[in-house]
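Here subunit A shows up in two complexes: once beside subunit B, once beside subunit C.
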Partner chain A sequence: MHTWTQRLLSAATTAAFLLLAACAAASALDAFHAPSVQAQARVTKINRFHKQLNGNDKVMLTFNISANLESLFTWNTKQVFVFLTAEYENSKNSLNQASLWDHIIPDKQHANLHLEVKSKYPLIDQGSSLRGKKVQLVLHWHIMPKAGVMIRDRMPLSEFKLPDVYTS
Partner chain B sequence: MQVRSVLAQIISLGMIVTSALIIWKGLIVVTGSESPVVVVLSGSMEPGFKRGDILFLHMNKDPIRTGEIVVFNVDGREIPIVHRVIKVHERQESTEVDILTKGDNNFGDDRLLYAHGQLWLQQHHIMGRAVGFLPYVGWVTIVMTEKPIIKYILIGALGLLVITSKE
Partner chain C sequence: MDWQGQKCAEMLMQLLLVVSAVAAFLVGYAMADFQLMLLVYAGGVVLTALVTIPNWPFFNRHPLKWLDAAEADRHPRPQVCAATTAGKKKIGKNK
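Coming up: the complex of A and B.
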């Protein structure tokens, strides 16, 4: 009736199709999940603010973050990658978006954050436009599933004005 | 009769090869990425992505943003890299963009991996952004590329079965 290769082909196709269907179903369920995130972040200290030798402004910050990300977790969540960016516009760039801090949350038990942290990455400008600049702090999260579609979202938190003069 | 069954075998083998090709080329068209599926080869994105996981890529006109996981090519490096974007600078007057990446599990950013003297990635380095994830499946290709003998044994065994199998 059927040759050996035809059987193999149909078995492989069915297996691949079922696997993809299971992933699609899991991701479709995620789409119905409406998380509610509460978060705050504010800059508590400017550790150092100066112009580098290459002419770019550089600032090291300390900030307070409190965020409850428990509602992001579902049965299909492997981890949540959470990070804080500084976003601003200047004469050269319509968007500057720099990560200041990031963190991997492995499970729901560790998803309620109250931290005071130093910026993991310094905020470095392309040029020297940071003096007196208003910077928007935005919390982002990237949900990585056990299998299926990855989800990204963001929440603008507070605005922060950098000082008018360098600290050193 | 003998010739007929041999021809049928060849055709069904051809069907397997062509349908695989159709699926692959179809995926390229749908996702807009020249390589819609990539296998994670290093542990630099652990614990999110482990070696042997596969990623589905997508490429469209949407601008690249911080936090996205992109696959990029570096001049002078053959194997593309899958890392997360940590910095984006988008120009006022043009669509030009500067992108900086980092592996979640790496201590520092990727400037050491870029070509000598390269500070930023541009849009043309980006092959796609990761949108979907499937664990373990990529081990098949890792094993086959690193132990080619297994590949030859597998192909030989399949070929032998195809030739010798009767209706």
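Coming up: the complex of A and C.
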């Protein structure tokens, strides 16, 4: 009553369970990994700042980013999604977040960024509260592991002040 | 596969799988390569399957020795004798 199919099934079940255990262990090791990220971002130019026809403020920015994200990568990292947001406060909301730029880093070799980019997405305020507003640039990253849960973190970078008048 | 062979196959399967999982994890961590861990483990699983799933002659070295029918006829099963139970009524009843 002990056939090869029974042995195959019991071997497959044990193998799957141990694979799960190995993945869980790899994921658990990430909890002890303390990355040290160095990053700077600075707005170099305000390309256009105007009020849209629907009454919303819209800003197109150019900024410098230098970020060394190599320490985020471990043997269990598939890729890192990094994005820059502008965060500000107005009378309607205590926190407004707008994504300005994002990037997918596929491996450690491409994790040292030195870029001067135009904002991929415009900063649009739902309203017209951006004139003379102090805006905080924040770098966010989502670490997508090969096994385990996604790890998110953020780092506030520089602040900048928008001009008091529209540029066009 | 005989009884000893079944026990041996089961233990061998678990031992080989655990050893290959631990080895794969250590190699993967040391080389910082997740894919290498999966490959080493897959190799271990295939090896385990080859060793423990087919009915190798190795697992059949302790065959059960059955008595043949003629031998059983020569030594019939002892019958409960009426004379002995009559003397010990209570025990006989309990039986």
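A few notes on this one:
Everything below uses one rule, namely that the second predicted complex is superposed on the first by the 145 of 168 C-alpha atoms of A that agree within 3 Å, B and C clash if a C-alpha of one lies under 4 Å from a C-alpha of the other, contacts with A are read in each partner's own complex, and residues count from 1 in each chain.
Definition applied: a residue touches a chain if its C-beta (ideal position, glycine included) is under 8 Å from a C-beta of that chain, and two chains touch if they have at least 3 such contacts.
If you're wondering where the values come from, they're calculated on a predicted model, not measured in any experiment.
After overlaying the two complexes on the shared chain, residue contacts for A:Leu115 are found with neither subunit B nor subunit C.
Contacts of A:Lys146 after superposition on the shared chain: both subunit B and subunit C are touched.
Legend: residue contacts after superposition of the two complexes on their common chain; A:Trp4 is shown touching both subunit B and subunit C. For subunit A, the partner that touches more of its residues is B, with subunit B and subunit C as the two candidates.
In the superposed pair of complexes, A:Thr14 makes contact with subunit C only, with no contact to subunit B. In the superposed model, A:Trp75 lies in contact with subunit C only, and not with subunit B.
Legend: residue contacts after superposition of the two complexes on their common chain; A:Lys92 is shown touching subunit B, with no touch to subunit C.
Of the two partner chains, neither subunit B nor subunit C is touched by A:Ala28. Touching of subunit A by both subunit B and subunit C, each in its own complex, is seen for residues 4, 8, 19, 146-147.
Subunit A meets subunit B in the complex at residues 1, 3-6, 8-9, 13, 19, 23, 27, 78-79, 81, 83, 85, 91-99, 102, 104, 106, 121, 126, 140, 142, 144-150, 152, 154. Within the complex formed with subunit A, the subunit C residues making contact are 1, 6, 9-10, 13-14, 17-18, 21, 24-25, 28-29, 31-34, 37, 41, 45, 48-49, 52-55. Subunit B contributes residues 8-9, 12-13, 15-16, 19, 47-48, 65-69, 84, 86-92, 98, 104, 109, 130-135, 161-162, 165, 167 to its touches with subunit A in the complex. Interface residues of subunit A facing subunit C in the complex, by the touch rule stated above, are 2, 4, 7-8, 10-11, 14-15, 18-19, 21-22, 25-26, 29, 74-76, 146-147.
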